[in-house]
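One chain, chain A, links the two complexes that follow: it is found with chain B in the first and with chain C in the second.
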Partner chain A sequence: MVKHWRPAVAALATIALVGACSSDPEPTEEQAVQPATTSCASSGELTMWERSGGNKQMVDLLVEAWNTKNPDCKVALTYIPHTEMVGKIAQGIASGEVPDLMGMDLIYAPQFEKAQQLVDLTERIKSWPELATASKGHMTVATYEDKLYGVPLYADVSALFYNKDLFTKAGLDPEKPPTSLDELRSYADKITALGGDVKGYYLPGNCAGCNIFTVGPLMWASGAKIEATAEGDEPLTGDGVKQVLQFARDMVKAGNVHEGDRAENGETFHLQFGTGKVGMMGTGNFNITLARQQNPNMKFGIGLLPGVSPNSSASFIGGDLVVVPRGSERVADAVNFMKFLLSDEVQVEVYAKALNLTTRTDMVDNKYFQAEPLVQDVAKALDVGRTPYTLTFFEQINSPQGPWLQMLQKAYYTDESLDTIIADAKKAMKTVASQG
Partner chain B sequence: MRRGRRNGWVGLAYLSPALLFVLIFTVYPLVRMAWMSLHNWSLLTPPRWVGFDNYTRAFDDRQFWVSFGFTLKYTLIITPILIIGGYLLALLTAHNSPVRRLTRTVVFTPVVIGLGVSSLLWYWLFSTDFGFVNTVLLDLGVLKEPVVWLGVDADRSNLAIIASVVWKVIGFGMVLFVGAIQAIPSDVNEASLVDGASYRQRVTRIVLPLTLRTVLLVTLLSVIGSLLAFDQFYIMTAGQPQNETATSVFFVYLNSFPYLKLGYGAALSMVLALTILAFTVVQLLLTRRSHT
Partner chain C sequence: MRRRGYLVGAVCLALCAVMLLPLLASVLASLKPTAEAAASPPTYLPGSLSLDSYQRLWEYQQGLPVYLFNSLGTAVLTILFTLLLTVPAAYGLARFPVPAKELLFVVLLLALIVPYQALLTPMFLMFAKLGLTNSLIGLAVVHTAIQLPFSLYVLRNSFAAVPRELEEAAIMDGASSVQSLRRVFLPATVPAVVTVALFAFIMSWNEFLGALVMMSKSSKFTLPVVLAAARTETSLGGTDWGMLQAGITISIIPCVGVYLLLQRYYVSGLMSGAVK
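This part shows the complex of A and B:
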C-alpha cells in the first residue's frame, strides 16, 4: 500500500515545488522599455502594503489622489503593524504572496536590496529628471551597488516642537527655541515649574524608533556616532553619547517628563505634543497638522534639535520608500505610481497642500508652504539631517527588544553607571552587526 | 496467514487518516524544524549549513536564559493559583443548583474568548491614564496617583498579566474539577456522612484523593501552557522593561521573525521543546507513582 502512495506523494511534492518556483515572474523586456506615465498602464486593482505607525494620513491622501485619477486601477492599501513589517515582507517574498508594490521604512531598504528581494528599477527610472531633486536621504538608501530600487513615498524629519503658550507663561521668549542642551534643560525646568499637569519635556520611554528619531539627533549634534554600519565598525562613539544620556537622566530625575511617558511604545507618540501639556518635544513634521487638529488654539513653534555646543543641531531624515517586491506582477503600473508621486501636481497639491514635506527639494517653494511658516521652519532640518545606513538597523536600533532601547531605558530610569550601560550596548550592537 | 495479513492491511487503512494527519502536522514540522536549526536562514537568502552552531550560541545567549528563568517564574506563580483557585471554585459550585450553575457559567465564559482578545482587553483595563483598574483604585483612595502597570516594572507587569490570565483560564480547570467531583459515587459521600466525617475531612480524605488524576492532568496542561506563554506578553508588555518580561517563546518569535533568524529560532525552539518534554515526563512519572 505504501508503494502505491509513493507516486502520488512524489507528484504532490513536484507540484508544490514547481508552484513555489514559478510564482516569481520577472518583468519582461517589453515591460522594461515602456516609458512611465502618471496613470495606470493596465486595469485591475493594484495591491500595496504599507506599515502602520508611519505617516498614514499622507499615504492615505496619496492613494486617494491616485485612485481618483485611476478609477480602473485603484490601489488597495493594506497596513501592516510597523513592528512586524520586516518579517511580513520576508515571509511574503519567501512564499510568493507579495503585493504589487509596497511602502517600506527607508532604513530597511538596504537589507532587502542586498538580498535581491526588490525589483531593480534602474532601467525604468534612471532617466527621470525628478530624481535629480528627490530627497537625498531616501535616494541614498534606495540605491545599492549603483542600482535603483525605489523612490520616496514621504519624508519625515525630526525637529524640536515647542509650545509658545507655555513659553510665554514660563517667562521665556516664544520666538527663541533652545539652541543647546543646557538651554533645553533650563527651559524645561521653568516650564515644569508652572505646575499642574504640565511638563517641560517629553521622552518616549518604551519606543526605540521614536528615540532614534528624536534623541539620536541630540547625540549626532553633539558629535556622536550611533549604529555600527557593518561588521568591525565601532558603534556609540564620541562623548556626545554619554552627554546626551546624562542629560536625559537628569531630565527624568528633575521631573521634567510625565511618569506615563515611560510606557510610551510609539502608539500615542504623535498625539503627545497636541495635548498642550508638553513644553518641548522632539517629533516630526507630521505633527504640524496633527497638533493643529488636536488643539486648534495652541500656538507652537519649531526649532532644530540641539547638541551640547550652542547652535549645534541635527535631524533624522526618515520616512518611507515605494519599492516593488520580487514577484510583483504589476511592475510597470507600480513604476507609474512612482512617477505619479514625483509629479509636480502631486508634490504641490497633495504633499504641500497637506503641509507635509515635498519629496522633491525643488518643490519646496510653493503657495502652501509660503503661507505656512512652520513648514518652512521644519524644512530647515533637511539641511542638518541624516539617514543611518546599516544592514541590521532593526536589530541594533529599531527593535523594542534591541540594545539601543535597552541602553536608553537603563540610562533614563536607573542609576547604573553610564559607562557600563554604553559598553554593554556597544558590545550588543557589534555582535548584531557581525551576524548581519 | 493470508487472512492475518489482510486484517493487517485493513487495520492500516483504518489508521491511515490519523497517521497521515500526524505525519503532516507533527512529524514533518518537527523534522523540518530540526533541519532549520542546523542552518542559517533569513528567508531573504538561501539556507546555509552551520551544523550545531545555533545550539552552541543558544547555550551562550544570556537573554535566552533570562527569558527561560522568567518563564519558569511565571509558571511557578500562576500554576498554584490556577490549580488551587480552580479547585476551590469547583468545590463551591460542584453541586447543581441554579446559582451554582450561573456561577460556573460566568467563571467559564472568559475561557471561550481568544487569549489575544482578552490580553487586549486587559491592556486597556491596565492603561495608566484611561484604564478601569487605575480609575477604580484612585476613586477608592487606594492609589494617590496612577500606576504604570505594564512595561515599566517586571514584577508589577508579571502580576498584572497573571491577573488577566487567571481571569481568562481559571474556568477551564474549574469545569474539569467539577466533572471529576461530580463523578465521585454518591454512596461514598453518603457513607462518610454516616461515619460523621466533617466537610474538611470529606474534601481532604475523599474528594481530593478521588480527583487527584484530574488535578495532575490540569497541572500538566497548566505547566505546558505557561511554559509556552506568548500572546499575553507580546500584547501587554512586548517584553518590556528591558526584555525582563520576554518569555522563552517570545524570544523564539523575536529571533525567527522580526530578526529573520529562522535557523537560530528553530534551535531555540528545539531546546525549549526538549525542556518541556523533560518537565512533562517527570510530571507523568510522578502521576504514575502517585496512582500506584
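This part shows the complex of A and C:
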C-alpha cells in the first residue's frame, strides 16, 4: 500500500495515457500461441521491477529460485522506491522504457488495467488449474472487464496479533483471542489495567494505509462496505461503519492506546507489536518475523480481526501482483515466470519454507506450516479476506489528505457527531469516485 | 574582557552542539544493532556497537560500491560539464563585446526561476529517444543543466572583477584570449571556480528526483535513490531505521570531506561572487 506518491513524479503519470496511445506495439500473435511452462522459453536476461518494501526477502528468494533453474534467462530485479512506483510505471510505459515484467501493489492494478497499460494475458493463463485456488483478493484486482492481467506475487494479510505474556498477566486465556469487538474491548481494558507502559490495543492515528489494513476489516466483519467502487456507488454503507468508529473512539477515550499512536504515519507501525507493550494489535503477516527479531522471548498468538457479532471476522488481502507492462518484449517468458510462481514446488519449497504465505489457498497445508502454528493461523485470513476494488483507491482511501483518514481521525480524537463525520466522508468519496 | 571571551565561547559551543547533535545522533543510530535501532521509543546511546546496518546496506541489490561509483561518477562528470560550459561562457559575457550581452545574461539566468522538476518530463522523453537514460552521462547532463545558471552567475561576476590592467598586461606580452583566460583569469578566480565545482558536487551527490526519473535499472541507481528503496521495510511504509542512518552517514562523508578540504576557497569564493 503506497502511502503517497510525490506530486512531481505523479505529474509524469499524466503523460502516460498520451504516450500509451501512440508508442508501444501490442504483443504479437506469434507470442500468444506458446503454452506456458515453468521455465524459460528463450534466453537472455529478463528485467523485472518490484516496489521496495517488506517482501524484499521473499521476492529475492523467488527470483533466486528462478535464476537457479534458468541460468540462461535470469531475472534482473530492480527495486523502485515504493512511494514512487506508480509514477515510475506510468513514466516507463509512456516512454517505452519498460521492464519485461513487474510486481506492483495489487491495489493499483485496476487503474492500470483500465488505462490499457498492462498486457491482457487472458488467453495465455485462463485455463491454468492453479488459478482456481490462487488468492481471491489478488485475482479480483487482476481482472478487469473479464480479462486477466496478472497472478499473485506475494500476500500481505492482516490479522489480530496478541501478546500471550500480557494475556496471562491480565488473567486472560492465552489460547483464546477475542472473537468480537466487545471481547476485544474488555480484554483491552484488562491489559491496560496492568499499568506501566502497557496498553491493551493499538490504533495508528496518522496512516491511511495502516487503517484500511487493520481497521477496515473490523468494519467488513461487521457487515459494512467501505469504498465506492465506481461512480454512483454508495460508500460507507452498513451499521458496521458507525459501530467500529464508536468502538475506536471509546478505546481512545478509555486510554487503551498509547498517546504516541496518534502520530503514527506508518514508518514505525511495524515495530509496535514487537515492543511487548501492546496487548492486541491489527497488523500483517510480515510482523511474525519482525516481532521475533525484536523481542525473541515474547510469546504471541494470532487471531482473526473480529466484527460486532461473535465469531465474525475479516481481513485485508494486500500484497503484490506480477503483471506485464505494455511494451514488454518478453511476454511469453513473463508468463512462464508466473506459472513457475504458482507451481506446487515453488509454493511449498520457496514461499512456505521461508514462512511466507503461499499465494494458493490449497497449498497452506504443508510440512513447513505444520511446524509453525502462527503461520497457519495467519493463513486463515486468506479465506475471510478481501481486496477493495476501485479505480480511485489512492484518492478515496490511501491519501494522507483523503476522506478515509480524515474520517478516522475525527472519530478517534474529537467529539464530533459520528453521523456527521460519516456523511462528510461519504460525500467526499462519492465526489472522488465520480471523477475516476 | 576575558569574561566576554568566555561568553562568546559558550555561545559558539552551544551553537555547534545544536548543529552537530543531529549528525552525531545519526552516526550513533547507524552503529546500533538491528533490534536496538528499531526500538520504540528509541534509545539515545547505543547499548552495544554493531556494523549490522552497514552490512545490510553494503549488500543491498548490486552492492553499495556500485552505487557509490554511480553517484561519484555522475558528480565528477557534472563538475566537468559545468566548468567546461560556464568558464568560457562567463569569460565571454564578462570580457567581450557580445551584442546585447546584458539581456543574454538575464535570459540565461531566467532558468533559475523555472523549477527543474517541471523540465524533467520533456527532458526524460527526449533522453529516452537519444538513448541517454540509464546512463551516467545522461544524468550528469541533467545535473549540469540544473547547475548552469547559478554557476554562470558566480563565474561571470568574478571574471568581471579581475582588474583590467592584468588583462592588458597579458595582451601587451602577446597573449591570445585563450592564453589570458588560462594564465590570468583562471588563477585569479580560483575561489569562484572551486565554489562552482563544490556546489555542482553537492547538488549532484544529493539529487533524488532526476536520478529516479532517468534511471530504471538498479545497476545504474545513485545513492539517494537506493537509500529511498533500501530503507523501506514493509509495504505500509515501515522504515529500517538502522539502515537509513547508515546510508545517511555514508552519504554525508564525501560532502563533509570535500567541504573541509576546500573550505578556505569556498568561503572566499562566495565573497568574490557577491561583492561585484
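Methods note: the second predicted complex is superposed on the first by the 404 of 436 C-alpha atoms of A that agree within 3 Å, B and C clash if a C-alpha of one lies under 4 Å from a C-alpha of the other, contacts with A are read in each partner's own complex, and residues count from 1 in each chain.
Methods note: a residue touches a chain if its C-beta (ideal position, glycine included) is under 8 Å from a C-beta of that chain, and two chains touch if they have at least 3 such contacts.
Values in this document were obtained by computation on a predicted structure and should not be read as measured data.
J.: So, does A:100 touch the first partner chain B, the second partner chain C, both, or neither?
T.: Neither partner.
J.: Which chain makes contact with more of the residues of chain A, chain B or else chain C?
T.: Greater contact footprint in residues on chain A: C.
J.: Pick one for A:401: touches chain B only (first), chain C only (second), both, or neither.
T.: first
J.: Per the contact definition in the header, classify A:271: touching chain B only (first), chain C only (second), both, or neither.
T.: Only chain C; A:271 stays clear of chain B.
J.: Can A:120 be said to touch chain B (first), chain C (second), both, or neither?
T.: So A:120 meets neither chain B nor chain C here.
J.: Under the stated touch criterion, which partner chain does A:84 make contact with: chain B (first), chain C (second), both, or neither?
T.: A:84: touches chain B and chain C.
J.: Examine A:263 and indicate which partner it touches, taking first as chain B and second as chain C; both and neither are also allowed.
T.: In the superposition, A:263 touches chain B alone.
J.: Examine A:333 and indicate which partner it touches, taking first as chain B and second as chain C; both and neither are also allowed.
T.: neither
J.: After overlaying the two complexes on chain A, where does the chain B footprint on chain A coincide with the chain C footprint?
T.: In the superposed arrangement, which is not itself an observed complex, chain A uses residues 1, 83-84, 91, 94, 260, 265 for both chain B and chain C.
J.: What part of chain A is in contact with chain C in the complex they form?
T.: Chain A residues touching chain C: 1-3, 6, 8-9, 11-12, 15, 19, 47, 49, 51-55, 76-84, 88, 91-92, 94-97, 99, 105, 156, 207, 209-210, 213, 260, 265-272, 274-275, 284, 286, 290, 293-295, 318-320.
J.: Quick check on the complex: what are the chain C residues that touch chain A?
T.: Touching chain A: residues 34-35, 38-41, 61, 117, 120-121, 124-125, 128, 133-134, 209, 212-213, 216-218, 221, 225, 228-230, 232-239 of chain C.
J.: Write out the stretch or stretches of chain B touching chain A in their complex.
T.: Interface residues on chain B, with respect to chain A: 9, 12-13, 42-45, 128-129, 145-146, 148, 150-152, 238-243, 246, 254, 257-261.
J.: Would you pull the chain A residues touching chain B in the complex into a rising list?
T.: Those residues of chain A that touch chain B are 1, 83-84, 86-87, 90-91, 93-94, 111-112, 115, 117, 205-206, 259-260, 262-263, 265, 394-395, 399-401, 406, 409-410, 413, 435.
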